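Next, two complexes with chain A in common: one pairs it with chain B, the other with chain C.
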Partner chain A sequence: MSVSYLFLEIMVVLTGLGLLLIDLWTPAVHKRRLGYAAAAVTALILALSFSKMVDPGAPVHAFGGLFVQDAFALFFKRFFLVAAVLVLLMEVEFADRIPAGITEYYAVTLFALAGMMTAASANDFTLLFVALELMAVTFYVLASFQRSRVASLEAGVKYLILGALSSAILVYGIALIYGSTGTMNFTKIAEQSARLKESKIAVLGFLFVLVGLGFKVGVVPMQIWVPDVYQGAPTPTSAFLAVGSKAAGFALLLRVLHGAAPEVALSWERLLMILSGLTILYGSLCAIPQRNLKRLLGYSSIANAGYLFIGVSVGTLSGASAVLYYLAGYLFAVVAAFFVICVVSKTHDSEDISELAGLWNRSPLLASVLSLSMVSLAGVPPLAGFFGKFLLLKAAAEQAVSYPGYYVLLSVAVVGVVISVYYYFGVVRAIFWSRDDQELSAIPISRPVKAALWVCVAGMVLLGVLPSWGVRVTAAAAGMLKF
Partner chain B sequence: MMHAGLEHYLVVSFLLFSIGLIGVVARRNLLVIYMSLELMLNAANLALVAMSRFNGNLDGQVLVFFIITVAAAEVAVGLALIVALFRKRQSAHVEDLTSLKL
Partner chain C sequence: MSPLTLIIFLPLVAAAGLAFLPRNYRFVARLVALMATFVSLIVGLVTFARFDASQEGMQFVQKVAWVPSLGIHFHVGVDGINIGLVLLAVIVAFAAACVSWEIREREKEYYILLLTMTGGIIGAFASLDLFLFYFFHELALVPTFIMIGVWGRGAEKNYATFKITLYLSLGALIALIGLVALYLNSGLGTFDMVELARQLKDRPLSAPTQRFIFPWLMFGFGILVSLWPFHTWAPLGYASAPTAVSMLHAGVLKKFGLYGLIRVALPMLPVGAASWLHWLVALSLGNILYCGLVAMRQKDLNLLIGNSSVAHMGFVFLGIASFNLVGVTGAVMVMVAHGLLAALSFALTGYLYQTTKTLDMDRLGGLLRAMPFVGTVSIMAMLAGCGLPGFANFTGEAMVLFGIWKVFPMATVAACWGGLVVGAVYMLRAVRAVWHGPAREAVGGAELVDAPHWWRKLPFVLLLASLVLFGIVPRLLTDKIRPAVARLLAGKNEPSRPSVAVIAASRGEAVAAR
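Now for the complex of A and B:
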């Protein structure tokens, strides 16, 4: 039955609806704890994703080719589920800063998760659009959830205007592609791929789709919203945007460019390389003067989108699997960083880097997790971030033999890494060697937060030290795309 | 009488799209920007319906239904946000969205 392949998505949506229902009978003091229940059920769904019913082994097309369940889709679904479990735990920690409707916050997060998971399986522009919009509309709500803070509302409005603009462009692109191919289905479009390269309307359509998806991942020139929204939105939302929304964008970019239009993607190699180089430089250079931690992570996420874009532009199996591996390492590092910000900024309403002064004395665990995450993001061995960057650069170097332009991109990437070491270590310096007035009260950490932080640490370390298993899984997932 | 071909519909849809895009870029009032965004979505709808008619299958029209639904959801969220912001700021102009800066 086709419906059984939708099992995970249906479960996620039902969990969200169930939470809203249970909320009616829960006294206000206990509502915060519903987040633990939501995280537990999401973890259960993650475990169920390994069952035979959901994971058919071979790729399966369902709903008339609209939906595909393959290793690539399942990789991303599990990725989003892991991210959602961690983000839900972060939201419980954040609950006292949300004046009303904390259960809605959990539920809307789950609906966004359902959108991402559906996006991972999209094999048709109709489903791609609906899944992306489910994500976008829920994120408009999530970003502006702290209605009493102007910054949060402003982040929501900015994301809304630019998000709606990008989806209008995306839809127009879909219309153009549909006009020149007569179908919305990726598999059927791929059959005409060689002809599409010649059709100006189709190429313009794919360019518009690239703009729409590029907005989601925050690639230059569609990156303007990233720093503002990351800074203004509630911390768990910023984390989910940085990890989930970006990964969904990359999943769809890979599917559309290398699944539906490999010839077009090939002819765009230079364009994608230029975008990637510009994104790396923009993110790294603009991050240098930042004092707000969340804004800094916003610029760092732009730079990371640039690195990931290298893998998209390469257009080989090793490039695509490097993208998946990098995203996995990025997930743990970024969630860990936002977790620490969430806990540290609990007492003051400030996310300034100077707030980290004396963190080592206040809480060695938080200090070491944040440092570890910064070191991983900077790409220092032996952590996950290093191995991800290594795989991406290796994939580009393999192509450089036939196309020397990659040497330029490689050097840009190396320059970006060097700059990023500077600003990431600015954070580490603030933790350990800051001379500011230090507050020495210990920071209490609840047990679920500790568990989540250890999961992130384990992810960062294991993906860096024992890469062979991860490489095998990502290669199998990326192998589902046609190269 | 002249028969309206695909290109006529596409030209109209392209004009609508351009007017919408110019509105988003040039206007300063959030509500007007929002209306311009709807115009862009409807430009895409027109193109989809016309192409669906001339391609001889209904896929495009199915997507139009989804776009209309999504646009309604987006408007619901968007207007709520703009109202909430107006209550805080007493303004719906983009120049006043300046609290997030370096």
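Now for the complex of A and C:
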């Protein structure tokens, strides 16, 4: 039955609704702990995602081809579930900085999660739009959840205005595609793909869709909102935006480019390469002078979108699976970094890099985790970031055999990585040695936070040291797309 | 299990174990580091002794699938070329752990990083898989960064830390692109060096492909070895680093790029090498002459040794560029000899700095009277740096010069001039300034003590003894290196068929093919 494939999404939404109900009977002092319950249920849903009922083995289309359940969709659903469990734990840690309505904060996070999970299964522009809007609307709320902080409100408004603009462009693009093909279904559009390449209206439509999705992943020239929103939004929201929203964008991008318009994607190879190179350079160069950690991570997330875009532009199986692998490593590194920021900035309301001075003495665990995260993002072995970058590099070098232009893109990527080593290692420096480490009080870490940090460390190390399993899974997931 | 696996993982496991040690167990941390490196040294020595030079191919091999779908294996083994380097690595690692008594704060973290770095270094030289080779090398990057930053010295510490890290990342990434291009163009789907070398010997890549890939490797590895004009990170980095890091980095880790050129670039891309080696010769003369002259102008003893170390790399590049049996054998010999010498020199200057609190040569003088043992060893090390016979450096450099004479005679003349005259000038001037002459008043009234105990003397004795041993009986090494190099260079032939993938395909054809 079709509905059974929606089981995970339904469960997530029900959990969110259930939280809102339970909230009515929970005394205010205990509301914060509801987050643990939400995280536990999400973890349970993650475990259920491996059951036979949800995972049909072979790709299954449901609801008249609107919805597809395949290895690719399931990969992303599990990815989002892992991210959500960690983000929910982070939100509990963050609870005292949310003036009111912490339960709504958890619930809205879960609704955003449902949007991401639906996006992973979208096989139709209608569902794509609905899923994206679900994500967008929930993130407008999540970004401005610290109602008393101007920065948070500013982030929410910025995201709302630019997000609405990008949604409008996306809808326009969908309309143009519908006008020239008469269908919204990816599979059916793909059948006309060869003809579509010639149709200027359809190509314009796909370009608009690219703009709409490019906004989600933060690729040049749709990256302007990223640093401001990351900096202003509550830390767990920034983390979820950086990981979940970006990954959903890439899932849809791959799905649309390879599922709906393979011919168009091929003819755009050079455009995608140029966007990728510009994104890498923009993100890396702008990150150099940043002193605010969240803003730095915002620019770093732009640069990472650029690296991921390399995998999209090559348009091969190895490129797409490299994107998935890279995202998996990126998830643990970024969540770990935001976790540490969340804990460290608890006492001072500052996220400046100088706040990290003496962190090594105050909490060796936080210091090691943040260093590992930075090193992984910089792409240094033996961590996940290195293997992801290696796979992307390999995918691009494979294409370079037939199109030497990729060597230019690779050189740009090398420049970007070297610059990124500078700013990531700048954070490591602040942790281990800096002139003024006055503050020496130990930082208390609660047990769930400790567990979450260890999960992130395990993720980074295992994906870096034992990549064999991950490579197999991502290749199987990416194999669901057409190349 | 191969003894190589043991000596790679012993330091790494020890490092992981130390992470769970309480912070105030300083003595235990030091003891664990010493024990781990000492056992590695013993196992390394036994492996070296049991190595059979007459046997063809790799020895002490262990091969375990790691990422089978990409053809990546955990594959270690040694032949005549890297057995000496592995031995060098374990000797210097033990000596570096010994001299670390100078570290008085955050010992636990220090030893964790030192052991990680050691494991990475040994692993890089024992690897027979391109991916593993790169992986282990990069393992040492972060420890280097943190160790120089936290325990380093000097006003320019921060600048030096970032400079060394950025240069090393840049070089490593360029080399990585070259390695991946090599892997993909070979069409064999394996990172196995032995397999790649064997297959590419029979069916070499097309000439344009080789000419395209070679410079990526040459400049990538070159930056890692401080090839002129990409050398400026080295002297400054070594002058700012704590003693053990300078020893390990200048002595061993830096040889990674040279080893990569000998093991990967030359045998697998002989045609590419032939058209690029004259560039390498030109740049290596930059190392020998330019950096030699820069060394002459230094006032800081560590900067002088750092620059002289960069200058010595020029000899190895020359040996590689000669591309013949004598020259490449000499290059490997210089790698080992210079590794021991650089480690010894930095160990000595480290000791000197601890005692006198300065390495400014204008403020030192007449120290031989106060420190006869350290002074004598130091003078011997400096003479070895000039290329005095009796030390291993002489043997290696002489072989390099013999090798390069056949190919680039003019370069030989310039190298002799630079190596012998300029080298002698700065080294002897340093001997005069630091050890001879009237005694100067010590900085801040520091007490000048000679290395007081046998365990303080041990690292110096160990390194100097190895240097003299290989100098007097160079056959211990050359007999092992020579047959391996001969096999390596046997593939120096012309390309016989078009390669799997021709880079030169024009864009138009590529699009049409799709």
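Keep this in mind: the second predicted complex is superposed on the first by the 482 of 483 C-alpha atoms of A that agree within 3 Å, B and C clash if a C-alpha of one lies under 4 Å from a C-alpha of the other, contacts with A are read in each partner's own complex, and residues count from 1 in each chain.
Here is the rule we use: a contact is a pair of C-beta atoms (placed from the backbone, for glycine too) under 8 Å apart; a residue touches a chain by one contact, two chains touch by 3 or more.
Model, not experiment: these values are computed from the prediction.
Q: Could you tell me if A:A168 is touching chain B, chain C, both of them or neither one (first, second, both, neither)?
A: The first partner, chain B, only.
Q: Which partner chains sit in contact with A:V471 here, chain B, chain C, both or neither? Use first/second/both/neither.
A: The answer is second: A:V471 touches chain C but not chain B.
Q: Is A:R33 in contact with chain B, with chain C, with both, or with neither (first, second, both, neither)?
A: Touch status of A:R33: no partner.
Q: Quick one: is A:Y422 in contact with chain B, with chain C, with both, or with neither? Answer first, second, both or neither.
A: second
Q: With the two complexes superposed on chain A, say which partner A:W433 touches: chain B (first), chain C (second), both, or neither.
A: A:W433: touches chain C, not chain B.
Q: Just checking: does A:R195 make contact with chain B only, chain C only, both, or neither of them? Give me first, second, both or neither.
A: neither
Q: Applying the touch criterion given at the start, work out whether A:K482 contacts chain B, chain C, both or neither, answering first, second, both or neither.
A: Neither partner.
Q: Find the residues of chain A that appear in the contact set with chain B and again in the contact set with chain C.
A: The answer is that chain A has no such residue.
Q: Which part of chain B faces chain A closely enough to touch in the complex?
A: Within the complex, chain B touches chain A at residues 10, 13, 17, 20, 24, 30, 33-34, 37, 40-41, 43-44, 47-48, 51-52, 55-57, 59-60, 62-63, 66-67, 70, 73-74, 77-78, 81-82, 84-85, 88-89, 97, 99-100, 102.
Q: Could you please specify the touching residues of chain A with respect to chain C in the complex?
A: The contact residues of chain A facing chain C are 266, 360, 371, 375, 378, 380-382, 386, 390, 393-394, 397-398, 400-405, 407, 410, 414, 417-418, 421-422, 425, 428-429, 432-433, 467-468, 471-472, 475.
Q: Show me the residue ranges of chain C that touch chain A in the complex, using the header's touch definition.
A: 65-70, 109, 131, 134-135, 138-139, 141-142, 145-146, 149-150, 158, 161-162, 165-166, 169-170, 173-174, 176-177, 180-181, 183-185, 501, 503, 505, 507, 510, 513-514
Q: If we count contacts the way the header does, which residues on chain A are in touch with chain B in the complex?
A: Listed in rising order, the residues of chain A that touch chain B are 125-126, 129-130, 133, 136-137, 140-141, 144, 147, 150-151, 153-158, 160-161, 164-165, 167-169, 171-172, 174-176, 178-179, 182-184, 227-228, 231-232, 289-292, 295.
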